[in-house]
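The first chain written gets the first letter, and so on, giving A, B, C and D; residue counts start at 1 in each chain.
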Amino acid sequence: MTKKIGGVILEVKNISLAFGGVRALTDISFDVREHEIRAIIGPNGAGKSSMLNCINGVYQPQQGAVTLRGKTYRGMSPRQVAEMGVARTFQNLALFKGMSVLDNIMTGRNLRMKRGLFWQALHVGPARREETEQRAVVERIIDFLEIQAHRKTPVGRLPYGLQKRVDLGRALAMEPSLLLLDEPMAGMNVEEKQDMCRFILDVNDEFGTTIVLIEHDMGVVMDISDRVVVLDYGKKIGDGAPDEVRRNEDVIKAYLGAGH
Amino acid sequence: MKTLITCAALAALQLFAASAALAQAKEQFFPLLVYRTGPYSPNGTPWANGKQDYIKLINARDGGINGVKLSFEECETGYATDKGVECYERLKGKGASVFDPQATGITFALTDKVPNDKIPLITLGYGLSASADGGVFAWNFPLMGSYWTAADVLIQHLGKKEGGLDKLKGKKIALVYHDSPFGKEPIPMLEERQKMHGFDLIKIPVTAPGVEQKSAWLQVRQARPDYVLLWGWGVMNSTALKEAQATGYPREKMYGVWWSGAEPDVKDVGEGAKGYNALNLNTSGQSPKVIQDILKYVHEKGQGTGPKDEVGSVLYTRGLVIQALAVEAVRRAQERFGKGKVMTGEQVRWGLENLALDDKKLAALGLTGVIRPISTSCFDHQGSTSVRVHTWDGSKWNFSSDWYQADEQIIKPMVKAAADKYAGEKKLTRRTPQDCQS
Amino acid sequence: MGPFLETLVGGLMSGMLYSLIALGFVLIFKASGVFNFAQGAMVLFAALAMARFAEWLPKLTGMDSKVLINVLAFVGALAVMVIVAWLVERLALSRLVNQEGVTLLMATLGIAYLLEGAGQMLFGNDIYKIDIGLPKDPMFLFEQTFEGGILVSKEDLYAALIAAALVAGLSLFFQKTATGRALRAVADDHQAAQSIGIPLSRIWVIVWSVAGIVALVAGMIWGSKLGVQFSLSLVALKALPVVILGGLTSVPGAIVGGLLIGVGEKLSEAYLGPMLGGGIEYWFGYVLVLVVLLVRPQGLFGEKIIDRV
Amino acid sequence: MLYRENGQFKTTYAADSQILPIRQDRIAMALLLAVAFIVIPMVSSEYLLRAIFIPFLILSLAALGLNVLVGYCGQISLGSGAFMAVGAYVAYNCQARFEGMPLIVSLLAGGLGATVLGVAFGLPSLRIKGLYLAVATLAAQFFVDWACLRLKWVTNDSTSGSVSVANLNLFGVSVESPAARYLLCLAFVVVFALATKNIVRGHIGRSWMAMRDMDVAAAVIGIRPIQAKLSAFAVSSFIIGVAGALWGFVHLGSWEPAAFGINRSFDLLFMVIIGGLGSISGAFFGAAFIVVLPLLLDKLPYWTGLPMDTATASHLALMIFGALIVFFLIKEPHGLARLWATAKEKLRLWPFPH
């Protein structure tokens, strides 16, 4: 693939995170360049999700700092991070079960909807206009993800694969510059995985979105990502282009040698 | 779809409203708001039974009032105001001409409604004290006494015990009251008396329904008042007596209002309540003639409402008296508006405003000794403030004082002032004497 | 000093009585995740049953030994509560498995109405008496140290003792017996319970029966204090803050919570009440809970709630 | 008339996102409103209006408000009675203290009063969840009950602590007659129901539901918990406050704090649950169930014609009521509104299911 990778937009420095006594992350550092697809891989319990949670402010690391577009932060609220154009999807789906596909994705536009209670209550003029504008954007995403047929269905009723798409759609609706994907292909069958890969690549080069994605199996990830970070037991054991990482001793041990 | 359902429901409702309205033209209909369920049912039930039995008696013994048969219908309020309002609206439509709400809260809510509907309210011994002033409260009848007269009489009695009201100076009197309008009514009067006699008044509220009174009685114990006035209703009374026992406060020094001195209040306290005193507007026991008649004409015919042995209990008799006065009001009204006719609300009001039951009339009704003579007027809706104190001896109530009258000098101005304030808020004008003729 | 101690003791006593009712809530919530709104109604129902049995027995059999009558009445009422538990499971809960909390709460409300109606219809709606011979008169301690001494209500003291005994009994039951351990297992997770080989339905019947027994004891004690009548169903309201303060799932929590709230109420009433015009114990318990929850959202002894992504 | 949506195509997003996308529904709604505004006031007896429709409407309004909080934002509250009380007393003080204060203004002022309290007691919801929050909100209930009894200025120094209002009029038009009172309530209900519907289908409503369904995810997409929850508390308690003011002014006319006691709070919560969480119509179904049904059950003796003494009758009513609650929950745990929706769904596909 030929696309120009820009400068570093996200830098993670010496992040350490612990719950009580349990160390989830120890002194992790890596960076993410503009427009690249950056994968974080590692066996289950390697601390991948915790890493994402640190990046978008759900967890507050005890040590280290995250630098986003030169703005260094420690202890930022998820909203503040979101306002800086970071979106994410969730490993075990965190969709809004009670709401329709459309509404779920619409929530992604909330940051951009400003009309107050009063106008909302009247639902005329500005409020209505705003609603339709945003709706238009969302509809584009729905088309992009090929889920038009399910617009009005409550997400609860959708098959798992489609729910994953809605989750992605909700994140895309935020028009993020940095997109964090937490195991987007977990528990999918082959076709679903291929679809998901296609979407991720399309997002990456159509919207130029920078993507950080997590997977526990190396498989597909290696083909689509530009650079890979490998975590094991909360420590970074490898970082670099897919083939380097493939050759990395520790990585092989972590994966193959996990048994003996 | 929705519409269909709505219409159906509507039709149904209409049906019930109608089907229930079966009060025949030739019957004087008495709506009975009662509470036989809920927290206050032990007190509400005998009261309701008394009312019902008296109606049955009049039909069975005298064949009605000058030939007009009496009919009635009960509606369960459960002592809840909104339910009471619903009952009122329901029974109003069936030719009701007088109501006894049987609850202070409901009385307040209905007080605003009756002037439009032209139906008098009998609130014998409860309701708004100021409503004794018929000039403003044209439709309320707190016959035989209000909480102000009660408080006044209690202080008189305590004064007498001390050997003169002046002896009350420096004495401590605690008011343990149901934390509601009912319980607060007496306070202005007590404060008035406090100013006059210089006793100190300790106010101890008890949250309804009054199942938890420990701290109230610990306060009593620590304040060591010379007397405790108990202003409770329902479970609060018996609980108060038990807590008094548990904190060792002498029951002899406790004086209840007439709603705190009936069998249900002391029954399961038994010996523990021995010596406890309370006001009573009427006798208890089965000796009076009217009670005998009820046993003879109603209960022995198997028509009785409640258990036979509860006939003549304090609250039963009170219910009976209330009903009797209502019936007499109708009778009085018939004398003016035509014997053997069914009286309207307005006509019954005239009857209530012109009650003149002297000893002779009372005797005829078999009420001798049960109540004192009572005569009302357009401006005095109370008619009498006579009340006695009775004392629980561990198994029954015995009168322990002579009849008292509330002190007009004190009450009159207070009632007038309060009534005027009310009139001001409601933008009402006082009734004129000619208005009284209707 | 005297008054203070007196109030303190009084508070502890009422606190124990609150705990007694709170216990019923906790047991059921622990084992079936149901916030049992009907607990108050169960107290009323059980008390009515016992009071009436105690009244009817002599009439029917002419026996006169008060102890025997009370014992038999208690057993009778107990049987009734077990039947109630069984019916509740059969007719309602078994058809509402794995519904959300609110739905179940709502169902228990329906059950509450049923019990209140049925109880008063079967056993009457007057005041009835439970006389288990609790002494009514107070005793005074340290009369030489404080003038007037420190008043302790014997009735409450015995009541508190009974309550304590019940709690002890229950914890033994939970620690030592197989069923008890099974119940604890269910509390932790329902699948696990089934894997032990006890059908959930039976577990629930047992739990509700136990709660029924707790209700019966509570009803007996409160009944002999207040007289058995509708208002008994309202004392449950006093237990709500206790349950929450202690943490919905903790038996010791219910006890400590009860004592805290009992003492807090009484002291606040005695010392803040006069300033604020009295009657503040009415809300004090709840405000206390509110404050505590702000610090510990899961109550004093409740399990910590952690939400993961 | 067949109940079908085929052949009804939406060409604009606005048209697609309207409240009742199906034509037949719009017609039905129009009819319903016509009946409510014209037929009912004309045909129904004073009893029906005063004792059934007015309380039904007011409590529906309150339930609607509570549903915003419980149903849409997922915060269980047992303080509704308090919010109603505050609404009523604030409105009362406006009327009593300011000569010639327009009724509407007083009622809305009541709503605002409740809003203030609502937001104050909403703050704990940022930390406390579920049943814990529910019981915490009881603090509001009990504290307000107490305050209304104890603080003299709340009741404008009435000796007994009970207050009353009289000669209500709307811009000079008297609202004393049952029909007028009914229409006043109805107007309020319709306006608020519409406004609420609009809010919940807009981005604010979505942020509430997001908080309800998955608060962490909501935070990640940039929804501020404080904003979402407190706005829900504000809107909810405003509506409940207005309902309270109506309850005092229009229904009771004269009341004491007991009128807004703890039972009121519980009833409202039950209405919302049994009616259907997170649905506008749920409030109405719930109110109908909790308010109207018991009244019908009270009339049991007349229906059956059996001679039954009052006590037995009302005990029986109580039992049937309880049984019905359990029955409906077993049939449809998500409330009557859902039952209604499924019925419509079936009707739409009839006679070809799937």
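Criterion: contacts are C-beta pairs under 8 Å (C-beta built on N, C-alpha and C of every residue); 3 or more make two chains touch, one makes a residue touch a chain.
Treat the numbers as computed from the prediction; the structure is a model and nothing was measured.
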Chain pair with more C-beta contacts, A-D versus B-D: B-D
Taking each chain's C-alpha mean as its centre, the one farthest from subunit C: A
Distance between the centres, which are taken as Cα means, of subunit C and subunit B, whole angstrom: 36
Interchain centroid distance [CA atoms averaged], subunit A/subunit B, Å: 73
Subunit A and subunit D: spacing of chain centres that average the CA atoms, whole Å: 41
Subunit D: positions in contact with at least two other chains: 149, 216-217, 220, 311, 315, 318
Residues of subunit B touching at least two other chains: 36-37, 41, 45, 179, 205
Multi-chain contact residues (two or more partners), subunit A: 58, 90, 94
Subunit A-touching residues of subunit D, taken from the complex the two chains share: 12-14, 17, 195-196, 198-199, 201-207, 209-210, 212-214, 216-224, 231, 235, 278
Touch list for subunit B against partner subunit D, complex: 1-3, 6-7, 9-10, 12-14, 16-17, 19-20, 34, 36-37, 41, 45, 48, 74-76, 78, 80-82, 85-86, 89-90, 92-93, 105, 108-109, 111-113, 116, 128, 179-181, 184-185, 187-188, 205, 208, 305, 418, 425-427
Touching residues (chain side subunit A, partner subunit D) in the complex: 56, 58, 77-79, 82-83, 87-88, 90, 94-99, 103, 106-111, 113, 115, 117, 120-123, 127-128, 131-132, 134-136, 139, 170-171, 174
Complex contacts: residues of subunit C adjacent to subunit D: 35, 91-92, 95-96, 99-103, 105-107, 109-118, 120-121, 125, 237, 240-241, 243-244, 248, 276-280, 282-283, 286-287, 289-290, 293-294, 297-299, 305, 307, 309
Interface residues, subunit C side, partner subunit B - complex: 3, 6-7, 10-11, 13-14, 120, 125-129, 136-138, 140, 151, 153, 155-156, 225-227, 229-232, 234-235, 238, 265-266, 269-270, 273, 277-279, 281-282
